[in-house]
Structures are given as C-alpha cells and as structure tokens.
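To keep things simple, chains are lettered A, B, C and D as they appear, and every chain counts its residues starting from 1.
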Amino acid sequence: MDLARLVELGKIDKNTPHPPALIGQDGVLELTQLAIKKEIKAQIILNEGLMPGMHAIGEKLSRGEVFITDMLIAARAMNVALGQLKPFFLSGEIQAKGTIVLGTVKGDLHDIGKNLVKMIMEGDGWEVKDLGTDVSEEQFVEAVNNSTDAIVGISALLTTTMLHMGSAVQRLRENNPNTKIYIGGAPVSQSFCEEIGADGYFSNPHGLARELRKAPKLLI
Amino acid sequence: MDLARLVELGKIDKNTPHPPALIGQDGVLELTQLAIKKEIKAQIILNEGLMPGMHAIGEKLSRGEVFITDMLIAARAMNVALGQLKPFFLSGEIQAKGTIVLGTVKGDLHDIGKNLVKMIMEGDGWEVKDLGTDVSEEQFVEAVNNSTDAIVGISALLTTTMLHMGSAVQRLRENNPNTKIYIGGAPVSQSFCEEIGADGYFSNPHGLARELRKAPKLLI
Amino acid sequence: MTKYFGSLAIKHPDDLIFGYAPKPVSCGQGLTIGVGQVFPEINFTLPPMLINESNWNEVLSHYHNICENVLARAEKLRVPGIVMEFEHLPPMSMKPELGAEITSLIKNYLLEFYRRTGIPNALRVTVVDLRDADHPPLLRSGQRWEQTREAFILSAVAGADILSIESVGGKEVHDQALMYSDLSGIVASLGILACRDMGWLWDEIVDICKEYDVVPGGDTACGFSNTAMQMAGQGLLPATLSALVRAASAPRSLVAYEHGAIGPSKDCAYEGPIIKAITGVPISMEGKSSCCAHFSPLGNIAGAMADLWSNESVQNIKLLSGTAPEAFLELLAYDCRLFNIAENKNESRMYRDLLVRSDLEQSPEALMLEPQTVLRIARSIAQCPNPYTQTRNAIFTAFKSLQDAVDSNQLKLPSREQTWWSKIPGLLAQIPENENEAIEYLITTYHGVFNPQAYGL
Amino acid sequence: MTKYFGSLAIKHPDDLIFGYAPKPVSCGQGLTIGVGQVFPEINFTLPPMLINESNWNEVLSHYHNICENVLARAEKLRVPGIVMEFEHLPPMSMKPELGAEITSLIKNYLLEFYRRTGIPNALRVTVVDLRDADHPPLLRSGQRWEQTREAFILSAVAGADILSIESVGGKEVHDQALMYSDLSGIVASLGILACRDMGWLWDEIVDICKEYDVVPGGDTACGFSNTAMQMAGQGLLPATLSALVRAASAPRSLVAYEHGAIGPSKDCAYEGPIIKAITGVPISMEGKSSCCAHFSPLGNIAGAMADLWSNESVQNIKLLSGTAPEAFLELLAYDCRLFNIAENKNESRMYRDLLVRSDLEQSPEALMLEPQTVLRIARSIAQCPNPYTQTRNAIFTAFKSLQDAVDSNQLKLPSREQTWWSKIPGLLAQIPENENEAIEYLITTYHGVFNPQAYGL
C-alpha cells in the first residue's frame, strides 16, 4: 500500500489499531522513515507521497463520501509523517506552503467552524497560526506584521460581530496592502465579502483550500 | 349641524341622499354659500369650518374607526365647498397649503397606495400634482421646476424599482436642494430613507399629513 | 372556443380536499398534479436592486444561486416533487429575451435535477401584464400587448412548462369602485369588463400554449380581490367587503378555464377552491407559508384544498439559516409532508377540517374558503352561463353565507364593521339586474376611466 | 438541593403530547403554560450591525420596532397568549445594564399589551454564558462568571418573567470528542463535566430567581447536540452520531430541573420531550417555524410535544410582507391555531401522530423525538441517580432504538453512513462503565483541554 493511501486511511504506525483491516502492517511512520533512508528527496516524499493522501480524503469529504472524523484521523497520521520531515523543513530543503493567520472576530466566541478551517488547511500543508476567538483588529495586524507573507482567514458567526471583519480588513490593508484576506462563517456571504473588500468568501474550508491550490506561486 | 360635521359626514347638498339620516337637510354647499353671504372671511370658513371636518375623519381613519370610503365621501363634499371658495383662492385672499408633486417610480405600475396618498393629502388642503406611475427622474425634476415650492412624494412597491427613489432624490437635490422629499410604499423603510437621503418615510398617508401639519411655515 | 361548465366537477364537500383534483395535470419533468399528493411551489424574487444592462450578470447569478440552494434543499428533504415559479419582473417582460434567458437557466437546473435525483418537477413562468401601463389601457392592441404576447412566446420557447399571468382587464374601474365601496361598480367591472378581457386574452394564451406544447396554468384576481384583502388588512376597507369581492372575482378567473386553461391555478388566486369545485382542475394556494410575501387572514384554511403549496414570493436575501428561498422551501416541504402523511394515513379529511376550522371564525375572508360555502358559491355560478349574472349571483350568495355566519354567531364582526355591514343589503339591492343595465351604469358612472372599445363594447 | 426524578412524570405515550404538561407553569402577565394550549414564543435579534455606544439608540429603536410590530400582529391574529424571548447578544451580558435596559423596554410593551388586550404573556430573558471566553474556562469564578451572574440579576430586576441560559460547561472537551467521534469522550464530557457544571450553575440561578421572584426556565444542550446536528446537516458528521449525542445530552439538561428549574425549557433544547417525560415541566420547541434560524431534520416532529412553539431567532430585517419578526409571529400563530383547534376538537393525538410520522422515517434525529422512543430513553435515564450512568444508559438506549428502526427497515441509512454505523457497537463497548474510569479517561485523553478544578474534580 502506498504512502498516500496510508495517509488517507489514517494508519499511523505498525502498532496503531486503526484501521482494523491493517492491524500489524506498516504505517505512515515506517514508510516515511524508509523513504528518507532510501534518500528519496524530502520534497518528493511530501508532494508525491503524503499530500495526495490528504487531497484524496479532502475531496471525499467535500463530495460527502466521508466525515470530518476521517479527515482528522488522516491529518493525525500526516502530522506524524511531517514530524519525520521536520529536519528538511528546518534546513530549507522543503518549503511549507506558507502561513495562515486564523481567528474568530472580536466579540464572537463561536469557534467550531474556525477550528475546522484550521484542521483542513493544516492537512493541506499550511502552517496555521490560530489566534483563537474574540480576536481584535490589532491582534490580526500584529500577527501579520510578524509573518508578512501570511494569508489571513477570519470567521464570524454573529450578525452583530460580522461587521468587525470590515474594520479588520481595513486595518490589515493599511498595514500590509498585499495581504490576502479570506472570510467565512454562517452569516457571511459573497456580496458582504465584496462590500468589505476581502479577497474571497468560502462557505466551507475546502473552497479555501482549493482556491489556494490554484494560486501558482503558492504551490510547493 | 356645523360645517365641519357635515364635511365629515360627506353631506354634499340638500338633494344628495347621503347620509340617509340627513335627507332633505342643508349640506356643505348651502352652508358654505351662506357663510360667504354673511361675509365671513374665506380663510375662516376654510380653517374653522371645513378643515376640522377633514381632520376629524382623517383621525378616525387612522384610529381604524372608519374606512377609506368614508374619507373619500368626505373629500367629495369638501371639494364642493372648495369650488365655492375658488374666487378667494384666485384673488389670493386664501392661500392653499401648497403643492405636492406625487408619483410612482420608474418601472413600477402599482398605484393604489399612491392614489390614497393623493386623496388624503387633497383632503388635508393640499394641491396634488399626480404624475401617475412609471415616473422618471426627469419628470419629477421638471414638475418641481414648474412649481419650485412643491413638496415631493414618491411611491414604490417593487424591490427592483425602489432604488430609483435614490436617483430621483439625487436629481431633485441637484436641481433644487431645498425641496422636501417624502417616500412610501410597502418595501420602503426608515433606514432606506436615511440611506438615500430623503426627508422622511411614512408607512401611511396620515403620517405624512401629520408631519406636514407640524411644519409651522406650511400651515395656512 | 368557450366551454361552459354547467355543473360542478366536485359536488360533495368531502371531495373538495387537498391533493385531489378530478382533472389532474401532467407537466414538466414527470410531474402529475392532483392525484393524491401536494407539492411545494417555490417562488422567489430579487433583493432590492435595479435591473439594467450593467448588472445583468449579477441578476443572473441570483437566479443561479436560488436554483442551486433551493434544489439542494429539496433533495435533502426528499420532496416528492417540486414546482418552481419564475415570476417576471417588469423589465423581463418588457424585454422578453431577458425573461427567456432566466427561464432557460432555471429549466436547465430542473432538467439536471430530474436526471440526478429522479424527483418530478416543473417550471411555471408568470409574465407581467404590461397592458396596465396605459391609462386607460388599450388591452387588445398596441405595443404593451405586443410585448406581453412576445413574453409568453419566448418563455414557452425557452422551456416554461406552465404559463400564467396576473391579468388586469377591468381593474381600472374596479380600483375606483373598490375605494368607494361601490358594489354595482365592483360587480360590473368584474362580471363584464374583466370577464370579457379574460376571454379574449386566454384565447390568445391557449393558442400559444398549443403551438409550443406548454400547459396553460391560469390567471388570478390578485389585482382585484388581493388588493381588497390587503387594504382590509391595513384597516382601509371592511373585511366583509374584501370577502364579497373574493367571491365576485371567481367568475372572472373561471373564464381562463372556459377558454382552455387546465391548471394548476396561480398561488395567489384564493378564488382557487371555487374554480376547483366547478372545473376540477388542480390549484395552487398560499397561506401561512407566504408570510414572507404578505400577511393573511387565511394562513391555514388556504391549504385545505391545495394541490400545490406556495410561498408566493421571497427575496434572495440571507437569513441566519441560509438564503430565504431555501428557508421557505424547507417550510413548504414540511407542510407538504403533513398533507401527504395525512392522506397516506387516511386522515386527510380530518386534517383538512382542522385547517378549515382553525381560521374559520377569525375572519369573513376565511369563510369564503370553507368547503360548504365554496360549493354554495360555485353552484350559484355554475347555474347560468352569463358571466355578469354569475358575478352577481356569487356576491349575493357570499353575502348570504356571511349573514348566516353572523346570525348564528359563528362569525363576530368587530364593531367598526357594523355600520358598513348594515349598509350592504341596500347596496346589493342597487346592483343592476342584467348586463345591459350594468353596461349603462359603467358607461355613465365610470366615463373616461375605461376604454369601452378595449372590451369590444 | 438536588431532587432526583426516580420515575417518569408521563408514563404513557398517549399522554406525551403538545399543550399538556403535568406540572404547568404560571408566569408573567396571566400566562399559564401546559394546561391545554400551545402558545407562540417569538424570538428576534438585530440585523447585521455592531453594538456600541455610538449606535445604542439605533439598537434600542430596533427593539421598539420589534415589540410594536410583533404585538400588533399578535393582537390582529388574536393569539391566546404569547411569550417573547429576548436573547442577549454578548455585549448585553458583558455590560448587563445594556441587557437590562432592553429587558425593561420589552417588559413595558408587554405590560401595556396586557392592559389593552388582556392577552396573557411573558418575557423570557436568556443570558449569554460568558464563561466560554476563557480557554479552558474557569467556570466557577473569575470576571466572566461575575458578569454572567450580574446579567441574570439585572435581567430579573428589569422585569424578566423567565430566565434561561445556553450553558457551556463541558463543551471544551465535547467539541473535540465530537470531531473525533469519540463516544467515550462524548459521554464523559456530558455525563461528568457538563452535569457537574449544570448542578453548580443552576443552584446559583435558582437562588437568584427565588430572590427576585422569577421563573427559572431551563437550559439547553445547544452547544453539544445542536452543534452535532448542524455539522451532520452540513455532511461533516454522521446523522446517527448526532442522534446519539441528542439522547446523551438529556441527563445534562435534566440537571437544571433537579436543581429547581421548573420550565418552560429552552426552544432549541430538542432533548425537551425527554425532560418533559421525566419531570413533567412544559417545554418550548422549534421546528419548521425556525427555518429562518437554521435548517432542521425535525420540522414537524418537533411540534408533537411542544407547549411553546418558537422560531428560534430572526433578524429585524424587512421582507416583502413587513418585518421578519412579524412575519414569523404570524407563522407561529397559525401553527398554534392548528395545535389548539386539534385539542379543541379532540383530535390532538391524531394530529400529534401526523406530526411524528411525517418526519419519522426521514432521519435518525427524528426518531429520538418519537414518543415511544422518548419514553424508552427517559426510562433508562430515570432508572438511576448517577448522571454519568444516566448518560451512558441514554446513549445505549438510543442506539438500540436506532438499531430496531434500521433492522425493521423503518429507517434507511444513506450509504455514506453505513461504514460508521457498523463501527458504533465497537465504540459503545469502549465507553467506561463507571464514573471513576471515565474521569480517568478524561484526564488522560483530554489533558490540558479542560480545567479539572472548574468541575470540582
């Protein structure tokens, strides 16, 4: 079984009982170690071994064939593999896709949607800086100042807080006009997105993941 | 029975059968003629004889005690009396309250609401220039140019035409910044009124009538 | 080609019930209406925005968005079938290519939906009666009529499965008669002017439908009796007057079926049950589920005899749940589940009676939809072939029904309606007995308000 | 002062029905809930706007506008009674004077309405559980709790007739357990953490209610089981999981009543029927009439046992008919007329069964609201006093009910749920049998996610 498939199934290592059908068989951990040993380039392991597994499960989720739990289990396995690849990230041999600064707006404590965005974007190879809930404009600005290439994702679930997205966009633009800002959350819409001048609205994290995969310079 | 009460009851003249209880008695016509003969000042006849009758029925309508039909019947009697007072209007001895330019916006053919506004404002002593339905910005501007003291009333019943009110307000302001513009119609609201910069929104004609009665310089 | 319905298609109140129509209609993608089930008829319109060339793409994207959302929800809730009504806004009939473009957009979604899910469906297109723009209207000629006709044809070509209109012949007189509570004018404008225009107009529409193989759905007295009901709702007119106008408008809407329409009737035609009793065609109705479009004294009772259940109209705006059209489709779908489970469990008569009784004593308008009363009015109409006499009969019968209800204390009139109520017999007595006198009355009293030639007078 | 409900207040499914509660509640202005009639509970919120000092007057004018419109319509439709729920938005609990100002604004309208029309009514105020803002939450101390407590007190002083909250104790763990479909974590977070917090919190709330003579309404597992249902609705979690979570959340919501709450329960607590069966208190429910607030697999069945019928929430925006709150009040009023006429005509059981059956086979969540199943789950809870065991029992019983329905083909699972379905028995088997093991499990598996002291652990 190839690495991608093992990622998709969330088979961490030989000892993990999940999935039952693969009990006792090698998992993502072992195969990644083997690949490194065989001196396959880390970038290739990542791009052609691991990522296709995450993409596959992501697509299945968006087609409604699996559930978020399956996605999370895959992400857990993926993280184990990424742990093995860490030296290559540090040495610069592999470049991460980039950073996403994520948060729920000021006054709003709903975070389940935002947390899903986090997990799914991480699964897609992004580093996510989660600012949590009740995030002020200043906190967003500060986070981008600390990581100027970052993309920003903002979530809001209340009609009485969604307007804070507008001021966040404005403040972010003032400080860093080129920052891409994406928004989401139940009360938000495409037309609201245009109104406040954000770069895109997505009704679910896959939309964002797909969009960012399209942007060529952001591809690994 | 006094003049005001006869107006309210819509008793036109001796011969009209309505209302049945007053058959054969003098009506608004006879009493107005008598008053003129007695050389009571026309302005007094209007202000203290006729108008209180219209106000009374208008208030009853807005309290839901009578129906629009009763109001119209009163207005019909009122008009007969005004016919008798015409010479005094022409000579300038009485001044009309002023003119209201009224119309339904471009693309919109709903006119029942607008027609009610017309009848009720006429009953309240205003001269109404009814531009009809499907009225363009230019037509409103032209009408005000021909009668620069006029107040404008605009009606819209469709969400896809109400935005024309905005452009009408803009064009009118360009030409005559002091014109008072009032709007109404089912889809319109106070916040929409503020958005387009009109001077007032009323959910029914009485609201407008009451508002205009308040403005001191407009009182007869 | 006028057909006269001399007797009732439904004779017993037990048979006047939701889901069943003696003359079912098959249309669209595998949909048959009137054979047991009630289906949602979802309606939708644009949010506040203008329609012009520069934002035409935005207009289209609203309709794309509506179709996607509404059909996804319909699938999720497993509706047994669905009708989408696309009601033109004026520019879409004025430039009929615009209306046609949206028609074919929606139709494509419905075809794809049928292929994917197998759920039967149909598209109703309702064209604007542009003839209203002239005062008085010319009706049978001129640019307004040409455009209206063109709008029908292009809609048919673009994929409409059912065609409808809210036509306005006779309304110029009726509007005024209504304001003055002139019952003679009301009966004459409906029974003569409106009926004549309906006959002429529906011959035209039915011809178009034949040529393009589309179902001629029907018309609605919206501009007459719904205006009255709206005004009564605002306290401007008595509710008993609005009830009388409803009954009096039935012969006018009936004309469409005499001239070849086969249903389903238009949702906002609350005279639908009377039409169903006489002709047997399936009807569309709207009640509490159209709270997005207008308030109503008929929230439950309107469903008692419905074959399609509609929300009349809702703007494509965002609610907390999702868009307003999907939210209202959900509402309709649940209401329809209730209709259909009742029929499935053999409890439909009982459920219908609950719907009827829950509203019956609350307003005079509701009484006009009570099955016995519906049949009584329907019978008084079917009795004779002359539309004027039908209209006159209908208003008298309606008054008698109201009177019975008031006398038996079933209906309590608010005190403000009492004075008017006591005047009705006098006003009814003044209504001309025959058509010629009534024409005379129209011509003298409403001189200049209407154009006699437009009605072939 | 814990009361243990060892047996059911309602033992027979026939008695588990809308409008009736063995322990009716009298509150507000002459309103008694649970003695035969179902009343609308209208909910409303602000349109998209910020809340700050500069637009506070605008905020107030929205609430004025809502009260005027909603009450005018309620009068027009002659509702037999009405509850208005004012649900705080976060700034209104954070600065409790703000919430109090709106509370007294609404209360004044209700008092005046009662004087003018004699229609019984009550005001429910729901405070925001601000303790959620800390991660992990401190719950029993700190500024967040002080503010939340203050919000209750000031609401009571300002005129609330009923107090409620959607409390969040245990949610920090439940959120994660849910995502991983970790049934052991779900049961432990609900049965231990959430139940403990509920007991502590409701002692506080009931004390406040006693001091200010206000009715302690109840709590809702919204953050638990509605989150699950929302996510299942979006296709992110299996609907069978969401059904299990619903059952497992009932013991948690029950705790409020063990500590002195008397109902009416919160509208979005779909575990309400189980609570009603055990305790006998009247419940508020929301179904298709809350299509403005969220989509739902429980549109009709939610009404089967309701004593108040709610729209959950709607923004004060303009629809074609009028404002959205008046439109939804109209919808609720007509639904309530149907409930009440059914009861009046002795058809309530039949109507309840239609409501139940229309949704029953359409979703696993609906099965959790079927009267027999409700009693089965309720019995398994009432059997023993320990909340953890109650929760564990509830989820096992719920699974058995689902299994019976699947086996008898009454419930058809979509193919995508099948794999997960086959895994459930294994996951259930792993749930720790007793509380101590479960605490152990929580502390090892969810280390750092929650604060044991906050739960007295």
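Rule of thumb we're sticking to: a residue touches a chain if its C-beta (ideal position, glycine included) is under 8 Å from a C-beta of that chain, and two chains touch if they have at least 3 such contacts.
Keep in mind that what you see is a predicted model, and the values were worked out from it rather than measured.
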Checklist outcome for this item: Separation of the C-alpha centres, subunit B versus subunit D, in whole Å, is 52
Checklist entry - So, what's the distance in Å between the C-alpha centres of subunit C and subunit B? => result 34
Checklist entry - If you average the Cα atoms of subunit C and of subunit D to get two centres, how far apart are those centres in Å? => result 40
Checklist outcome for this item: Among subunit B residues, those touching two or more other chains are 159, 187
Item to check | Per-residue overlap in subunit C, given as positions that touch at least 2 other chains | outcome: 45, 315, 320
Checklist entry - Connecting every touching chain pair, does the picture come out as line, ring, star, complete or other? => result other
Checklist entry - Which pairs of chains touch one another in this structure? => result A-C, A-D, B-C, B-D, C-D
Item to check | subunit A-facing residues of subunit D, complex | outcome: 45-51, 89-91, 132-133, 135, 175, 179-181, 227, 231, 234-238, 315, 416, 420
Checklist entry - Quick one: in the complex, what on subunit A touches subunit D? => result 61, 64-69, 72-73, 107-109, 112, 115-116, 119, 132-134, 158-164, 187, 192, 204
Checklist entry - What part of subunit D is in contact with subunit C in the complex they form? => result 45, 73, 76-78, 287-296, 299-300, 313-315, 317, 319-322, 324, 326-328, 330-331, 333-335, 337-338, 340-342, 345, 347, 350-351, 353-355, 357-359, 362
Item to check | Of all residues in subunit C, those that touch subunit A in their complex | outcome: 318, 320
Checklist entry - Quick one: in the complex, what on subunit A touches subunit C? => result 159, 186-187, 189
